[in-house]
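Below are two complexes that have chain A in common, paired first with chain B and then with chain C.
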Partner chain A sequence: MSVLKIAVRLVAEHRVLFAVYVLLFSVVGSFAAGSLGPVSTTYEAVRPGVAIIDRDESAVSRALASHIAAVSELVEIEDSTRALQEAAAKNYADYVLVIPAGYGEELVAAARAGLDAPDLECVVSYTSANGSLMDERVRGYAQELYAIAAASPAAHAEDLVKLVDASQDTGVAVEIIDTETPGLPVTYLVYCQFALYALFGGVAAIVGIGLADLRTPEVRQRIGATPVPSAAFDTQIAGAIALCGIAVWSINAVVGIALYADELACVPVALTALMLVILFALMLVGMAFGFLIWQLGVRRELVHAIANISAIIISFLAGTWVPLANMSAEVLAVARFAPGLWAVSAMEMLVRATSVTGELVTSVLGHAGIVVLFALAIAAAGLAVGRARRAIA
Partner chain B sequence: MLTQIYYNIRMTLRSTGVVIWCFAFPLIMATIFMTMFAGMQSNQSTHTIKLGVVEDTGWQDATGLRTLLEELAYPSDAEDEVPLLALTGYADRAAAEAGVRAGAVDTALVIDANGTEHLLVAPSDAGSTDQAIVQTILDRYLQGEELAGALAKHDPAARANAEARAALAENLSGEQAATAELSVLREPPSELSRFYYALLGYSCIMCSTIAQTLIDRTRIAATPEGSRRQVGALSPARQLAAALVASWLIVMTSMMLAVAYFYVVAGISFGGRVWLTPVACGACALVSCALGAFVGALPGTQAGVKDALITIATLALSLPAGLFGTPALEVANWLSQHMPLAQLLNPAVQATEAMLSLTFYDSLAPFASACGALLAIAALLGAGALIFMRRQRYVCA
Partner chain C sequence: MAIVSVRQLVKRYGDLVALDHFDLTVERGEVFGLLGPNGCGKTTAINCMLSLLTYDKGTIELFGEPMGPARYDLKRRIGIVPQQVAVFNELTVEENIDAFCSLYVADRTRRRTLVDRAIAFVGLGDFRRFRPQKLSGGLLRRLNIACGIAHEPELIFFDEPTVAVDPQSRNAILSGILALVDAGATVVYTSHYMEEVEQICGRIMIMDRGRAVAEGTVGELKGMIGIGEKIVVEVTDLPEAALDAVRYLPATVSASYRGRELHVACAQGESHLAAVLEVLASFGVAPVRVYSEPPTLNDVFLEITGNELRDHGAGDERPAGR
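Right, the complex of A and B next:
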C-alpha cells in the first residue's frame, strides 16, 4: 500500500488543482445555469430584445410601437447610422424596427386603395429565431391594421387602432402539461453539462500533474529496486487514479446538489441518482485519459495544455456550449465518436422525464454504458502504451 | 543587439508552452469554431418548427385554422423553400402530451370539444422561441376572427355583404403589410466572427508571457540569467530593447498567423480590409509587450505567481471580449452599454473592437479610436513598468 499512500500524498500536494479545475469550473457551470433564470410553472412567451426607432410619430406608429413594447424587452438605440451599425454588429437587440416617416398615413391610404402598404424597415439579429418571431409579430399587427383600414373606409386612424388593440387579448391558451412530479430542473442540467469539463479535463490534469513525479527516472529506478512486484505497483497507481477521480466526482456532485438542493428535493431521488451515474461514467473517461497521459510520460507543462484543449474539444462535441441541433451533420457524425454526446443525450432524457420508468433507466444506463466503454478503450490504450514503453526500456 | 534579438526569439520558440498557448491554441480554437458552426449560419432563420396536432373531430371541424397550418407546413408556391412548420398527427391528447414531453415535437395543438384551441408545452422547455412563433401564428388567426366579429357588430349592414366579408378575410390573412430587412453593415453580421476576434484579444494578453519571460531574463536579481547578463558588455537599455523587439516580433507573428488562418482557412473576410489588420495587430503586440513588462516588473513576485497572474488576466480580460460563448457575449454587450470605461481599458476588448469595426462599419474612425485606445493602454502599462523597474533597481543597488 506504500505506493498508493505516496501517490495520494503527491496528489494532495497539488490540491490547488482541485480548487481551480473542480470548484472553479463547477461555479462557472452554475453561473451559466443561472443565466437561464428561474424555472417558472406558468407559461410565459419569450420576450426578445427589441429596439424601436419611430420616425413617423403618428397614431398608427405609436400603436405599433406600444404593441411591440408590450411583447418584448425594449432596448434603447439612438437613431443614427453609427448606433444602428453598432447594435447590429454586436447584437444589442434581436430585432430593430424602424418605422419610416409617413408610415401611418400611407398604410391607411394603401389599404383603402387596395395597394401594398409601404415596407416597415427592420434589422434582424443573426442569433436565434427571436428576430423572426418579432418579424412575425410586427407583420401580424400591421396586417390587422391594414385589413381593418380597408374594411372601414371612413374611420380615423385612432379608431382603427382602438379596434385592433381591443382584439389583442384574444389568443390561444398555452398550457404546461401537468405532471404528477416535477422533473429535474434545466438549471441542474446545464450545471451537469458544464461538469463535463471538470470531470474530463480536471481529472486528467490532476492525475497527469499529481503523479508526474512517480515517472521521473530516479523514482522509477528506486521503485524498480524495491520488493514491490510491478503488478502491485500498477494496481496501486490505478487505485490512486481512481481515488482522484472519485474525489473530483464527489466534489462536483456535492456542489451541484448543494446549489440546487431546493429544486432537487421535490424530484424523485432516482432521477438525481441516475444523473450522478452519468457523471460518474464521464469521470471514468477522465480517469482513463489521465492514466493515458501519465503512461505517455507527458511533460508537466504539457499536461495542462493537453487536458484543457481536449476538454474543450470534448465539451464542444458534447453540445455543452453550442446545442447539437446547430451543428452540421458531419460534426454530429464525428461527435458520435466522442463520449460527451452520449452523456449529454442521456442527461437530456433525464430532464425530460418526470417519473422513473424501466424504459428510462435502461436507456440512460445504456448511454452511460457507452461512455464507460469509451473509458475502457482509453484505459486499454494507456495499458498498451505502458507495455510498449516498458518493452523499449 | 541583433544577435540578442535573434537568440531571444530562438529561446522563446523552444518553449513548448509558448508554442502551444500563443501559436497553436488560437488556431485550434479557430478550427473548432469553424467545424462547430459550419451548419449554424444556414439554419438560423430558416428552420422548421415541429408542431404536433391532435387529429380528432375538433381538428377536422376547424377548417380555417387547419388550412392555414397545412399551408405553412406544405407550401405550394416554392418547392425549395424550407417550410415553417412540420405537422405530426396524434390520435388523442394523451399521445400528444407524451410526444411533447419526449421532445418529439416543440409544442402540440389540441382543439377541445368547445372548439377552443390549446397549445401544450413541456415543463422542461416552456417559453421557447419556436413555441412563441406557433403561438403568434395562432393568435393572429384568432384575432382575425375576433376583429371580423367586432366589425360586424360595429357596422352590421356592411358586414352582411358576402363580398366585403371575403375581402376582409383575405386582407386579414394577406401579406400586404410587410417588412424589409435593412442592411446597415458592410457585410452580414455573424456571431462567429466575434468569437474569432475575441481569440485575437486572447492572443494579445496571453502572449504577454513572452515579453515577461524575456524581460525578466535581462533584469538583475529577477532571474539568474538576468544577473549574469547585467555584468555583460551590452548596456541594460540595449538588452531591454532587444527583449522588447524580440517579443514584439514574436507576438506580431503569432497574431498575423492567426489572422492569416482566419482569412484563408476560416473564410473570415475582415470586410475586405484585411490589409489594415497589421495595424491593429501591431498595436496589440505593443500592449502585449507592455503588459509583460509590467507584470515582470511587479516587485516581490515570483515567477510562478507572474505566470498565474498572466493566465488569470488572460481569462478575466477575454471574458468581456466575448470569448467564452454566447453568455460571455451578453456580458460583453452589457458592459459596453453600461460600463464603457471598463471596456475601453480592456485591451482584449479593444482588440476585438478594432477588428469588428474594421469588418462592419463604413467609417474607419471607430477602428482608429480602438487602435488609439490600444496604444494608450500600452503607454500606460509601459510607464507603470518603468516606474517599478527603476524602484526595484534602486533597491537592488
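Right, the complex of A and C next:
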C-alpha cells in the first residue's frame, strides 16, 4: 500500500463528509433552483393586492378607484382605524389607498386656483415593490387629473375623468422572443452557484479532515523514517487531494446533469461542458484551500469552521445569496478578489448565451483561467506554509 | 560488527548546541540504553540517525554504511517506535499495522503474514478490528510498537515506548523487546524509567547537554560513582552524637536521619554494614530493622547528571517530520 492508498483509505472513512457537503448541498441547490418555478413561455403582468377606502364617493374618486381596480386584485377592508392598522401590520394588501372625503372637489379646485393638490392617504407593503409601483400609478393619475383640470377651467369633473382615462396607458406590450439557441437554464445556474459551496468548502473540509492523520508530527516522523522518498510522499499527497476534488466535482456534476437532464437536453452540449469546466476550476480552488488548511495542521474541529465560513464568504461574494446586481460597488470591488465572482460571471454568460461562439468560449475560459490563478495562488501559499513548518521542525 | 556508529556528531539549533561531538557505537544484537534528562539530546540523536534531521558535523554509519536521507535501502532495515503514539485514528488495529508495513513491504501476501505475526507479538489478537480510540493506553502503546516492528527490521529505535503505561503492559512491552533481540534485532532504547533500562539494556549511555557523559554496562556504571553501598537502619531514637559518629566513619560518603531511618551512603569497596552497627551499639542504639543494597541506576544517573531540576524546552523531544 502506498501513501496514496493510505490517504484514499483515510478519506474513504469520512464518507459522511461527502454525503453532507456534496449531496446535501446539491439538494439544497436544487431546492433553491426549484423555488424559481418553471420558465414560462408567456408573459402575464403581476396584479398586486390593493384595498381602496373611498370616503369621497365623487366622480374623481370613483374614476381613480376604477383605474386601480383594472390593474390589481381588490381586497375588501373595513373602513375603521383598527382594520386599516391591521391591514398595514399584517400585510393584507400590497397597497392600501384611502381617498379622503371631498378629495375630488378639492383636487379640481386646487388645480384651478394654482394651489397644492390635496393628499391621498396610503399604506405601502414592506414585502414587495408592487405596492410602491401602485403608489406611483395612483399619483400619476392624480397629477394628470390636476393638470387637465387646470387646463380646462369650465369642464365638469365627469368630463375631466373621461379625458384622463383616455390618456392613461393601462399596460405595456410584452413579447416573448424565441432565440435560435437558448442558453443554459437559470435553474441549472442556481444549482451551479450552490455547487460553489460544495466545491470550495466541501473539498477543503474533506481534504483537511480526511488527511489530518497524515499531517501529525508523530506520523510524519514515522513515515519520514520509512523508505518512502520525500518527493514521492508529497506527490502522493497531492494525488490524494486531487482525487478528493475530482470525486466531489464528479458527484456534483452527475447530480446536476441528472436533475436538469430535460432542460439541458435543449441546449448545446458545449454550454454544459463549459459550465463543468468552470465548476472544475472552482474545485481546484477548493483543493488548493484544503491543501493550505492541511499544511497549516489545523485541528479537525477547526477545519469545519474554517471551510464553512470561507465557503459562505466566497459564495456570498459570488452572488449566491444576494444577486450581484444588488450589491454595492464596494462589495463588488472586494468580490473581484475572490474566485466566486469570476466563476459566477462566466456561468451567467452561459445562461445569457444565444449561441456557442468563439467569443463566448474565450470569455468563459478566460474567467475559468482567473479562477485557476486563485487556485495556484492558494496552493503556493500552502507550499510556503509547508516549507516554513518544515524549517521550524 | 557495529550496527550503529556515530562519530563526533554536532547538531545546533541557533546558539543551542543539542549534540556536542556525540559518539555512539551499538553492536549487533544488543539492547543499548540511552539515558538522559529532558532536553539532553536523546531524541535529536535518534532523529539524526534516522536522517529526519540534518546535522552540522560528524558522521553516522548504520550497518557499516553511511546513512543519509536518500539511503532507502538502509531505512528499509530500520524500525522506529516513536515517543508519541503515531497511528491513524480512522483505521483499525490491523489496518494500521498493514498501512505502516506497506511502506516497507510491497508484497501483499508476505505483508499479511507479517501483520499477523506483529499482532500476535504484541498480543492484540482480540483487538484486530478495534480503532485506536477504543484502545486503552497500554494497548495503544502496543499498537504503536507493532506498527514499528511489523516489517521485521534489523535495527529498532524505541523512544520512550512505555510512557504512561500500566505495569502489566510495560512488562509485556519489555518482554517483547527482549524477544525481538532474541530473534536477531538490535535495539536502541531511550527511557526515563531507570529500572526498565537496568532490566533490559546490556549497555547504557548517559547523555547530558548533548554529550555522552558515561557509558558501560549497569555494573560498570555503578562502579563509576562514589557510592558502593546504601545502608538503611530503622531505629526508635538516634542521639545526635551517634549520627556524628557514623558520619566520621572512613567509608561514609553521607549519613542522614529522617523518619526513624538512618540512611548511610558508603564508598565503593567491602560492605560497611558491620562498622555502622558497631557504632550504633556503642551508643546503645538498638536497630529495629536493617538492610543494605547496592546503588541503583537512579543513583548513578543523579550523581552523574546532578540533582538540579531542568527542562530544556520541548524542542529537543519533539518528533521531526518531513
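Everything below uses one rule, namely that the second predicted complex is superposed on the first by the 268 of 393 C-alpha atoms of A that agree within 3 Å, B and C clash if a C-alpha of one lies under 4 Å from a C-alpha of the other, contacts with A are read in each partner's own complex, and residues count from 1 in each chain.
Here is the rule we use: contacts are C-beta pairs under 8 Å (C-beta built on N, C-alpha and C of every residue); 3 or more make two chains touch, one makes a residue touch a chain.
Nothing here was measured: the structure is a model prediction, and the numbers come from that model.
> Touching A:373, do we find chain B (first), chain C (second), both, or neither?
After superposition on chain A, A:373 lies in contact with neither partner.
> If you count the residues of chain A that each partner touches, which comes out higher, chain B or chain C?
B
> Once the shared chain is lined up, is A:230 touching chain B (first), chain C (second), both, or neither of them?
A:230 sits against chain C, while chain B stays out of touch.
> Is A:385 touching the first partner chain B, the second partner chain C, both, or neither of them?
neither
> Can A:186 be said to touch chain B (first), chain C (second), both, or neither?
In the superposition, A:186 contacts chain B only.
> Where does A:23 make contact in the superposed view: on chain B (first), on chain C (second), on both, or on neither?
Once the two structures are laid over each other on A, A:23 reaches no partner at all.
> Check the residue A:168 against both partner chains and state whether it touches chain B (first), chain C (second), both, or neither.
The first partner, chain B, only.
> Indicate the residue numbers of chain A shared between its chain B interface and its chain C interface, in ascending order.
Residues common to the chain A contacts of chain C and of chain B do not exist here, since the sets are disjoint.
> Hey, which residues of chain A end up touching chain C in the complex?
Contact set of chain A toward chain C: 1-3, 5-6, 9-10, 13-14, 213-214, 216-230, 233, 390, 393.
> Which positions of chain A touch chain B when the two form their complex?
Checking each residue of chain A against chain B gives 31-32, 35, 39-41, 43-46, 48, 81-82, 84-86, 88-92, 97-98, 107, 110-111, 115-117, 119-124, 126-133, 135-140, 142-148, 150-152, 163-164, 166-168, 170-177, 179, 182-183, 186, 299, 301-302, 305, 309, 312-313, 316, 321-322, 326-331, 334, 348, 351-352, 354.
> Quick one: in the complex, what on chain C touches chain A?
It comes out as residues 47, 50, 52, 69-70, 72-73, 75-76, 78, 80, 82, 84-91, 95, 98-100, 102-104, 147-148, 318-322.
> For chain B, which residues count as touching chain A in their complex?
My answer: residues 16-17, 20-21, 25, 28-29, 32, 35-41, 43-45, 47, 97, 100-103, 107, 109, 116-133, 135-140, 142-147, 150-151, 154-155, 158, 164, 167-168, 171-172, 174-182, 184-185, 188-191, 194, 325-327, 329-330, 332-333, 336-337, 356, 359-363, 366.
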